[in-house]
Amino acid sequence: MSTAAARFLDAAGSITRNLRHRGLIQTALRKYESARDRRKAAFHDWESARQAAAETKWEAINHLDEHLVSFADKLESRGTKVHWCGNGIEARDLIRTIIRDAGAKCVVKSKAMTAEEIHLNEALEKDGFEVVESDLGEFIVQLRKEPPYHIVFPAMHLTRDEISDLFEKELGSAPTREPEELTMIARRALRRKYVTADVGITGANFAIAETGMVSITENEGNARLTAALPRTMITLLGIEKVLPRMEDLALFLPMLATAGAGQAITGYNTLYSGPRQPGESDGPTEWHVVLLDNRRTELLADPEQRDALHCIRCGACLNVCPIFKNVGGHTYGTTYSGPVGSVITPHLRGLQDWKHLSGSSSLCGACTEACPVRIDLHHHLLQNRRNAASEKPSTLERLTWRLHAFLMNSPSLYHLAKECGRVFEPLRKATEGTVLDPVRSWTTTRTLPPVAPVSFKEWWRERR
Amino acid sequence: MNGRERILARIREALRVPAPRPGSHGHGHHDVPAPSPQAGRIPLRPVQQARAWLPPGGDTPEEQLGRFAAASADLKTDFHLLADEAAARAKLSGIASAEGWKQIATHRAALTDAVVPSLGIPSRNTDGGYDPEDLERCDAGITTCDVLVAQTGTLVVNSRTTGGRALSVLPPHHVVLARRDQLVGDLTDAFQRIRELHGEGWPSMISLVTGPSRTGDIERILVLGAHGPKKLTVLMW
Amino acid sequence: MKVTLFIPCFVDACFPDVGISMVRILERLGHSVQCPEAVACCGQPAFNSGYWDEARRVADNALDHLRGTDAVVVASGSCGAMLKVFYPQLYDGRPRSAEAVELAGKVWEFSDFLVNRLGVTDLGARFPAKVTFHDGCHGLRELGIHAAPRQLLSHVRDLELVEMDEAATCCGFGGTFAAKFPMISTAMGEVKCASAAGTGADYVVSNDSSCLMHVQGLLDRQGSALKTIHLARILDSR
């Protein structure tokens, strides 16, 4: 078993027994679900909107080359520097160089999962730059030296008391139980940073091909400030973020907000089309847009799962996933957790090392049902399992399934197996839960029904 | 080959095999026939069609006003529909004295010029550039906007004609002055208006602002004023 | 109508009463029921584990024996989804593809068959108890079955149906998942049991015995008074 899989099993084993964690996440997500349902009800036709969103992203992804060229050319014509990075190392090195050339000391950052993906903060801190996460949730997990717990709600695993203790320890603030006061503590700590930071780094939600714009969605205003005050701005985004036209946002902004957070629309949705333009009073004088591949093109090359690149990172699939709700975000050990993370991580980081995430699913399909762009998520988990088994089959497992087929296809052997079940039931019962119990992974927490004295088929034969 | 060419080449190679169209994956519903997978371009649906699925924005000006007011209440935006410019001056002056504004920031535009000077409060314009430290100390940022959206309670500011990138987010109170005819029904209308206003040369930033700054990052409890303004006021006449 | 009943292995061996009730109900409605003895499994365990060649060995046998009938009625939503939704994928581009698609077109989950094929919602049943319904995920999301079992329950005399908050949330069974990731599966099952128990019902009813086996297994260990029962057994009660 690979280390990532072993770590996953280990972490899942302990966190699923943590009833406090379970309660916290279930409560938070129940609130989300009721808000989302209210917003969905305001749509004339949610299902048609999903289909239209899926088709729009299909068009964008299946003509990605044309859209990216248009996006980059338009941006460059207005003075933006567009960079194309094949992997995380290239992107990190490029961003370090930009920051060094800007003569910067302090970098203020708004939420960017792509930056998490390439471990940007660690690299910049190693270089001696101060990197400040400005999104409240990100700020909290940064102080805890933890990755975000959830792609949209980074600190949803923490209570106000834990956050108060953290702020008291790290910022010297007075303890409080008021979320408002806690938010103001962070606001005061971060205000200075915006005004003094030399470089601002943001992520992006959409790249508008036709007009050459980056669209950033947020609630707090931290990305607005990050893109307003520092003289150099860097935006890091995956190549899959494209939408063909600005007007597509009329559909995507409400869908992102509804599916992701149960809002009608997010607080700030901002379109950036360049650095400060002639006649403008503020904004960065230099803007670097960094397009990241980092194996997205490998996922693109799999037509069966290409739609996973339609993902708009709303987090809806995490929010409804019973696996996520029970193991939480950190257990996955990936940048992108939950169903979409389980689908794409094997493509981005290696199938054999990350196939356990596709295995760790009951395939219930709640994710697929929730996805606003109709990614066929749970079926992709099945495909990952198939691909993993055909690429590198386990001899034991293959033998098991061959025996299973042989048994199931032979009525006499199948009948014999039932007889064995009856004969050995007392012995099984006596050893239940011990190392001698061959089904103890089931019986440790659950009873197993015995083989009935008369099976259906025996009854059927008798009757005829 | 540079980075751009390398990535574009990889994309083109990857796209040689077409992907099935959305909705063509297997499902067992008796009543829904699966569309047949086929390659080629999906004709993009006319944007106006989005209206058929999205939450409504209202058909008449009255309906739109009602929806904007309801959305504002929901978002905790302080929305006031006023009779005329004089009423707007009076309203703004009332807010200024209630909150004890000592200094404010604004920008040059017909609406701000008509209303802000009457306050008699020290005011700086961001038009020709500003010191961020000064702007941060202002009690309010007063701006105009491009368009307001009934469907979502949104207003749209930009970096060229509504005071720059920071004026609407740095001070703790953002006040927006608007005319009734700037209100449109839904986001589709809003993007059309944005294109009419700016399509010839985009401001470097166009921001759709919906409610005051907010966060739910602590136990999913709503708190206003996370980083941007704690208060958003819209005065419309 | 000539109806072929597909009784999966665990229903045959552990829950024969479910199959027996289905036979009785279908015969009472005047249909001729057959049940091929040579078919015990649909091949889903191997399929879900990624071993599609091995799954096809089982599925080939099912294709051989489920021919020449008007409808194949499956005693579990999950096996029904395998036959109806996944067989066409399993055989995509292979010689028996047309057979798989033809079979898929005839496959029905039991409650769906009664309501949407036969148009029957009242079977004259009586079951004096308070029940809550659990939607098996495959039946709900692969086959789109939500209303049919509820319509059937609504006509059962003296029965009160109370919906639980988490009716559509997975119970955590998931086939081999339950054995490979028992801690996650158990946690999911506990959430389900708590939601069901919260309704104050006497029974958790479902159209899928595999979910019920999981839920009952947990309830037994919890010492709960709540019991599980398959929909067919309620519909066969007088």
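We just call them A, B and C in the order they show up, numbering each chain from 1.
Assume a contact is a pair of C-beta atoms (placed from the backbone, for glycine too) under 8 Å apart; a residue touches a chain by one contact, two chains touch by 3 or more.
Predicted model only: the values in this text are computed from it and were never measured.
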Quiz item: Where centres are the averaged C-alpha coordinates, which chain has the largest centre distance to chain A?
Solution: C
Practice problem: Taking the mean of all protein CA atoms as the centre, name the chain whose own CA mean is closest to it. | Solution: A
Quiz item: Any idea how many Å lie between the Cα centroids of chain A and chain B?
Solution: 27
Quiz prompt | Separation of mean Cα positions, chain C and chain A [Å, integer] | solution = 32
Practice problem: Please compute the C-alpha centroid of chain B, do the same for chain C, then give the distance between them in whole Å. | Solution: 49
Quiz item: Which parts of chain A, given as residue numbers and ranges, touch two or more other chains?
Solution: none
Practice problem: Could you check chain B for residues that touch two or more other chains and list them? | Solution: 26
Quiz item: By residue number and range, which residues of chain C touch two or more other chains?
Solution: 142
Self-check item: Touching residues on chain A, where the partner in the complex is chain C
Solution: 9, 12-13, 16-17, 22, 26, 30, 322-323, 325-327, 359-366, 368-369, 382, 385-390, 393, 397-398, 401-402, 404-406, 408-409, 411, 414, 418, 421, 439, 441-442, 444-452, 454-461
Quiz item: In their complex, what parts of chain A are in touch with chain B?
Solution: 28, 31-32, 42-46, 48-49, 51-52, 54-59, 61-65, 68-69, 72, 78, 82-86, 90, 134-137, 140, 153-156, 158-160, 163, 179-180, 182-184, 186-187, 190-191, 194-195, 211, 213, 219-222, 224-225, 227-229, 239, 244-251, 253-254, 261, 264-277, 279-283, 291, 293, 297-298, 300-301, 303-304, 306-307, 310, 374, 376, 379
Practice problem: Would you pull the chain B residues touching chain A in the complex into a rising list? | Solution: 2-4, 6-8, 10-15, 17-23, 25-26, 41-42, 44-45, 47, 49-50, 52-56, 71, 74, 107, 126-130, 132-133, 136, 151-154, 159-160, 163-166, 168-170, 186-188, 190-192, 194-195, 202-221, 223, 225-229
Quiz prompt | In the complex, chain C residues that touch chain A | solution = 7, 9, 11-16, 18-20, 23, 35, 37-38, 40-41, 43, 45-52, 54-55, 57-58, 61, 137-138, 140-142, 165, 168-170, 172-175, 177-189, 191, 213-214, 216-218, 220-221
